[in-house]
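The two complexes that follow have subunit A in common; it is paired with subunit B in the first and with subunit C in the second.
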Partner chain A sequence: MLTFLARRLIASFFIILGATFIAYILMSYAGDPLNAAYNIQDPTQRAQAIANLTRVLHLDVPPVARYFIWLKGIGGCFVGHCDFGQNVQLQSVGSNLGSALGNTLKLVTAATVVAIVIGVTVGVITALRQYSGLDYTVSFLTFLFFSLPVFWVGILLKEVIAIKYNDFLQGGAHYNWAIIIVVSLIIGFLAYSLVGGAPRRKLLIGAAAAVVAFALNWYMSATAWLLDPRLGIVVVGILALCIAYGMTALMAGTANRKALYSALTTAVLGIVLYQPLQYFFYNGMNFLKLLGLLVVAVIAAVVIGYLFGGDDRGLSARTAAFTAVLVGLVIFVDRLMRAWQTYSNDPAIGGRPLATTNPSTPNLDGDFWIQTLDTVTHLILPTLTLMLISLAGYSRYSRASMLEVLNQDYIRTARSKGLTERTVIVRHAFRNALIPLATVLALDVGALIGGAVLTETVFGWKAMGSLFQDGLTNYDPNPVMAFFLITALVAVVFNILADLAYAALDPRIRVGSA
Partner chain B sequence: MTTTRTGTGADPQQSGPPAPPEETGSLEQKEVAGLSQGQIVRKRFLRHKGAMISLVVLILVILLAATSIGWGPIPGWYHWKYTDLPDPYNPQGEPTMSVPGLFGGHGWAWGIHPFGQDETGLDLFAAVMRGTQQTIVVILILGLLSTVIGVVIGAVAGYYRGWVDAVLMRFTDLIITLPIILITAVLGFVLNAHGIWSVALALGLLSWTTLARLVRGEFLALREREFVDAARVAGASDRRIIFKHILPNTVGIIAVNTTLLMGAGILSEAALSFLGFGIRLPDLSLGSLISAYAQSFSFRPWLFVWPGIFIIIIVLCINFIGDGLRDAFDPKQKRIPKARALRADRATSAKAELSTHETAAPPSPAVGL
Partner chain C sequence: MGKTRAVALTALVASASLVFAACSSPGQASNTTSSSASSSSSGAVTGSGSDTGSSSASSSASSSGGSSSGSSGSSGSSGSNNAAGDACGKPHGAYDAPAKVGGSTTVAWNQSFYSYNNLTGHGNAVANTNPLYLMEAQVNYYDQDLNLINNDQFVTCQLVSQDPLTVKYTVNKNAKWSDGVPVDASDLMLSWAAQSGKYNTGELKTDDNGNPIPQPNVVAFDASSTGLALVKDTPTISDGGQSITLKYSTFFADYPIALTMGVPAHVIGMKALGAKDGASAKTAMNTAFQKDDKAALKKVADFYNTGFDFTELPSDKELYLSSGAYLLTDFKKDQYMTFKVNPDYNWGPKPSIQQITYRFIPDAMASVQALQNGEIDMTNPQATVDVLGAVNNLKNQGVDVINTIGSTYEHVDMAENNKGPFDPATYGGDKAKAQQVRAAFIKTIPRQNIVSRLIKPLNPTATTRDSFTLVPGSPGYDEMVQQNGSANWKDADIAGAKDLLAKAGVKTPVTVRFLFAKDNTRRQNEFKLIQQSAQQAGFTLVDASRTDWGAQLPNTKIYDASLFGWQSTNTGVTANCDNYKTKGQNNFYGYSSAALDAACVKLNAATTPEDQLKYLIEIEKALWSDSFGTVIFQFPEIVASNSKKLQNVKMIPLSPGPFWNFWEWTTTS
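Presenting the complex of A and B:
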């Protein structure tokens, strides 16, 4: 294991060394960084600028020597003093890199998390309902998503969805009947496809879902709910109980009374604490406190699950913990919603909350909730754009791997020894189906950071993409190399992580033999 | 690594006697009985509905692009060229094409500028057709280039193994990390050209990595098989073994991967153009059209939408064809039945299994592997 790791690390080190060398030499032959300086009108200023740039970028030595000067600066990272050099505006690249990397990571993390959650869920469901109408629809959609040019979708979302939605909010947030009916029918169809059983049962549940969706939509339209969205304690309570029941059904089976009671107790605890939490949220909220709350909630849930006891305390504790996280999420979203109207009416927002440029609104003052909401509204469209393609990948892979696993002999064995379908699918099939996804995830993250360049350009984010693009347009070597170094490092590190994860998850893989 | 596949590649003498009765009776075996590998693949591909529809649509799109404004020796029937700049017909250059009232138009119409015009009067239909032609040329070059490089590197690495393999694979790892945009920018600057050739070259020189890895994997497995040993004993040269004996067996992987790679290549080309490092005027592609008109979305949305729709159609078709090819070459692939047929089939086969299991021998020992 250690020899494998050492070998991989050494090989990767030399690959990065070689790649940066090639990239640096190519970059230096791509154009002249003095281009902008040549265009200065005043001859003395021009000479001054050219001399400055030549000194800072070491243009007086050949590219190969320049590369080693650059490498020396980067090598400083090992002793805690990185030097990424300066760009043609004579700013330090290292300081620009910090904020750029932060923005890109925000975007990529959001997109990856959402894509994995939705993609894997969709993939598993379509695998379980293979050859159904839902399966064919989803398959077609994933092919469509694969075939979309990212920036085309981004511009379309920005110019159509954002503007239409903001207009819609400004127009009073009333739906027209056609939309209500279409949305309800789609939800009805989804419910019809998702539930199993006899056609009669499927139809009934589908129809019920459509009716409920219709009523909800009508209510939201009539009360202009989207202008001032909130859940309130009643809806939070209902959702919490549903989450508790659903989590138990998924993880332990509702026949496991101990698990069910621990989850329900956790949910009730969340409902009881809902009102007191609002006061806590009101005074000087920050991210650390939020994280602390989450930890406290999980610990409380684990204790509850443990106290209920029974044969399988760990299972009860796990179920309760997942319930706690989700209930906490609901309460968090509810609190965010309460800030929506204030946020939307803020003069800096002007009633058009869905943002299309920049990672955040400049000069927006407000408490933690307003700022969080601001981040969310700015993240929605870029995340959606970036997500579509990886979403297709994840759902495709998880479907294929789930189907593969479901055809294995041990699944038949599990069924034939009388385990419930839930246990077979969740515990035997799903866990094993997730193993190949480790590789997909690793490769995807590397590709996403590169792909984010397009999305960032469309939405005008100052992030890694603009660093790279602006640098390349000005033939400015240092920002381009900084981008290149980071992406190459990420790709290499995630590749190694993928191999290790694979070996850790799948005992049949021996890591040393590769 | 050096596993000789004694289990699966059984000697012909051993598989000579007729298979047990319950296997000859299966649906899949009956379907492929007496057909060559090529025939089986062709049959499966022709049966793949998505791939067949896509193939037809793709051919239609190519025919439309070739015949409308003319392509080389092919005369065009369309009345504008992509270099013409007629006066605006509608005040803003709105499209004259219209659909029946049911879909929000006013009756079928084609008109003088079906896709509309831009602010200079350029006819968008002619431009989109030209872009489609150029895009097709780009992906053909890209496909050819990356197939040749990928197959040669993968084959050599997988066949010779050892240090050749190590060097070639580390080189592949290195190429994977290089960003395409950088290479395109450099090529564009050095050749002082921003036409389709420099972009196709840059894409082709960097897109072969996946194919090389896949081909190498296949070669590593195939070179241990008995037929390769037989060829070697018979005195065949390395070149002959690689090209005559092993390569034909990897054609499935190559076909599938090249197809998907060409689909992805269109998107890469469009992305490059959008970032300003791809094809530039006077040369144009679908990607460069989108990026040129990205800013005019609020005034003339049709300029932005039509090239995008053509890209999506072409890439979608290519991806479906790739999927069809993958299914066709996949030995495990079974006919995809409708859900109802599947249930009926399960019911009958369960009954059949019950009856055969009472009489027939237990299943073959292959399960133990």
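Presenting the complex of A and C:
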């Protein structure tokens, strides 16, 4: 294991060394960073600018030697003094890199997590309903999103989701009947396709879902709910109980009474604490407190699970913990919704809450909830854009992998020995189907760090992509190399992590035995 | 590569009024290059003031005399003499206070601010100049008709003598920086000292990491100005520190735009020289300049060069003092700057908008969508067909669209020193023959067609530019076009070109190597149009485009004709001669005309705008009749503003573009 790691690290080191060398040489022959300086007409100022840049970028040294000067600055990282050089505006690339990396992580993290959760879910469901209408529809949609150009999706989403939705909110947030009916029918169809069983049962459930959706939509339109959305304790309570039941059904089976009671108790605890929590949220809320709350909730859930005891107390605790996290999420979202109207009416927002550009609204004053909402309204479009594109990858891979696993002999064995369908799918098939996704994830993270260039441009974020792009247009070597180094590092590190994850997930694979 | 050239060029001094356009992208992309020239000029472009010349000079003079009071009595005396008060533009006089101050607006720009000192070589960019224009009171600025207006409520300028050229600047006694320290002559002293080059003892050096300086005993200000370099004696400060008098060693026709207000001297005095308060800091600075104290000046220059660089709000408030209409109150890295009205400001035009948010949105289409979504109220996006279409679609939502010209213009030059088709040497020294070939080539250039095919889709009001030296719309442009002879070259004339070639008796086809920016689509299209047209008359155009075309311009061995853009940053006249006079620093082509050289000498000594125009016309007559080259069009610019929230947005082709009249803006939100 250690030798494997050492071998991989050493190999990676030389790979990065070689790759940066090639990139540096290519970059230095791509164009002249002095181009802008040559464009200055005043000869004195032109000479001054050329002399400055020549010194700063060592243009009087041949590219190969210049690479080693650059490498020396980077080598400083090992002794805690990184030097990424300066850009053509004589700013330190290191400090720009710091803020760019921060913004990229902000942008990419949410998109990756959401894409994985939704992608894998969709993939598994379509695998279970192979060759159904749902399967075809979802396949069609994911491929459609996959093949759309990012900048176009970005512009389109801004037009439809931000601008039109804001217009809709400003117009009073009332839908017309056609929309209510169409939306209800779509939801009904979704429910029809999702549930299994006899056609009669499917139709019934689909119709019920459509009716409920119709009623909800009508209510939301009539009360202009979207202008001042909130769930309230009743809805939160219903959702919490549903989550508890659903988590149990998924993880333990509702026949496991101890798990069910653990989850339900956790949900009830959440409902009871709902009102007191509002006071807690009101005073000096911050991100750390929120994180603390989550930890406390999980611990409480685990304790509840153990107290119910039984042979499988670990499973009960796990079920309760997941329930706690989701119920916590619902309460959090409810609290965010309560801030919505205040946020939307802020003069800095002007009744148009969904933003199309930059990571935040200028000059917005407000507490934790207002600021969080602001981040959400700015993140939602770029996240959606990135997510739609990578959704296809995750859903197709997990679908294929799930189908392959479902056709394995041991699945048949599991079925034949009388295990419930839930156990077969969740315990035996799903877990093994996840293994190949480790590779996809590793590649995807590297690509997302580097590949968000267009998304950043379209949404006015200054992150890794713009560092790279601005560097390229100015033939500015240091920002480009900084970008390249970071993406190369991420790619290499995540590849190693993927290999290790493989070994951990799949007992058939052992690292170091070669 | 540029080392020997750099040294050679350093020796040459010329004032800057033009900058090559950025090769890679039209319009705003030239941001990065726009300002170099402005160390002497973009500062000058700044300022305030409004109603385009509506107030008379005499009324302004008297009001300035009255308002500046006390020790600035000298300005009062200059006020009685209009000519004397004109020394840095037409004095504006008192500005009307807005009926009420309130509301807010948000504007977008495509590049983030990075230096509070835009007089340095690296800080000199539109990205810095625009925000500084909101914060800093200006000695002078351009109005809608590109007249140079002097904000005489802030600084009055008196031409003391023409020979030797002596100009006296007097700062309004009430003017102060936002930390309460007065703005006075010591700030102008610093501006001169940094740009004159007088105190520099060596070139700016950087260490291995590229960080400027730490060199013992070397003073190197990263700033320069052709005009101020001619002021060799340390200027004298008088009137209790309110006035400064500059004496030029030789006459300099562009003296009105030579001196601008820069960074506050007392801040450098406190940060670099350790002074305790503003007054002693000013004294320490002035003493250092007067005594030429190298040890102190080194610290001053070091701080001046990089001390004011920041990309987010610094914790030290002294680094972003305001002397003008707005105070910088917030600056979030790569996102926005917030400006709030300076309540103390009464030495110039007062804005009516309480708060301006200046957002950075690099992508043109993103800024248009932000405008549509109400996140911003004004944008000046890079002009493309898509962007123009998108803003035009917003007109029914109350968006005003200004289609206008920018500061960069496209032109074709021909090499006369490379033994190519345009060089007399090719024809055994027959100058007339070479001129006929050049004239024939110019006649093949389809100027109208280029404008209608490539520019009109971006600016429906576009026309050809018909002057080498004057920005369309600037004073004298119409008269220039009537007289300079450009009418003969209005559009492609294939028959005429053929006649000329026949007359010259050269063998066709004539091969012409054509240099332009390889990565620029518009120039590629221009090349194709010119190529097709020239072919009909017997010219074979060879694509000699390169990515390093800028560096290769002086190397006429590799091309016969070039196509690129110049960028104007002010209306100064002297820099024109660098482009055209014999051995001018930007005359790479070996062009030489005795008539033009003589006109340049006279132009440099011309004291009145009328004389200047007269000599400029002489220069252009020589250029057009000698078939030096041709000018084609002015780059298009688009300004879109949400008229429901922001009114009175105007645009001029010189920096600061749409911001020039920010005090006239009104808001309804």
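What to note about this one:
Assume the second predicted complex is superposed on the first by the 509 of 514 C-alpha atoms of A that agree within 3 Å, B and C clash if a C-alpha of one lies under 4 Å from a C-alpha of the other, contacts with A are read in each partner's own complex, and residues count from 1 in each chain.
Simple rule for what comes next: contacts are C-beta pairs under 8 Å (C-beta built on N, C-alpha and C of every residue); 3 or more make two chains touch, one makes a residue touch a chain.
Worth saying up front: this structure is predicted, and the values here are computed from it rather than measured.
Of the two partner chains placed by the overlay, subunit B and subunit C both lie in contact with A:Glu159.
When the two complexes are overlaid on their common chain A, residue A:Thr487 makes contact with subunit B while staying clear of subunit C.
After overlaying the two complexes on the shared chain, residue contacts for A:Ser132 are found with subunit B alone; subunit C is out of touch. Using the contact criterion defined above for the overlaid structures, shared-chain residue A:Val113 touches neither subunit B nor subunit C, since it reaches no partner.
Shared-chain residue A:Ala6: touches no atom of subunit B or subunit C. When the two structures are aligned on the shared chain, A:Val295 is found in touch with neither subunit B nor subunit C. When both complexes are overlaid on chain A, the residue A:Val211 reaches neither subunit B nor subunit C. Once chain A of one complex is fitted onto chain A of the other, the partner contacts of A:Ala47 are limited to subunit C, with no touch recorded for subunit B. Annotation for subunit A, partner touching more residues between subunit B and subunit C: C.
In the superposition on chain A, A:Val235 makes contact with neither subunit B nor subunit C.
Comparing the two interfaces of subunit A, the one with subunit B and the one with subunit C have residues 31, 155, 159, 457, 473 in common.
Per the touch definition, subunit B reaches subunit A in the complex via residues 1, 170, 173-174, 176-179, 181-183, 185-186, 189-190, 263, 267, 270-271, 274-277, 287, 290-291, 294, 297-298, 301, 304, 308, 311-312, 315-316, 319-320, 323, 336-339, 342, 367.
Residues 1-3, 5-10, 12-25, 30, 32-33, 36-37, 39-40, 104, 106, 112, 114, 121-122, 124-125, 203-206, 208-212, 222, 224, 226, 229, 306, 309, 311, 330, 332-336, 338, 355, 357, 359-363, 365-367, 369-370, 372-375, 547-548, 550-551, 553, 566-567, 575, 578-579, 585-586, 669 of subunit C touch subunit A in their complex.
Within the complex formed with subunit C, the subunit A residues making contact are 31-32, 34-36, 38-52, 54-57, 59-60, 69, 72-73, 83, 85-86, 88-91, 95-96, 99, 103, 155, 158-159, 162-163, 166, 347, 350, 352, 354-360, 362-363, 457-460, 462, 466, 473-474. On the subunit A side of its complex with subunit B, the touching residues are 11, 14-16, 18-19, 22-23, 26-27, 29-31, 131-132, 143-144, 146-152, 155-156, 159, 409, 450, 453-454, 457, 468-469, 472-473, 480, 484, 487-488, 491-492, 513.
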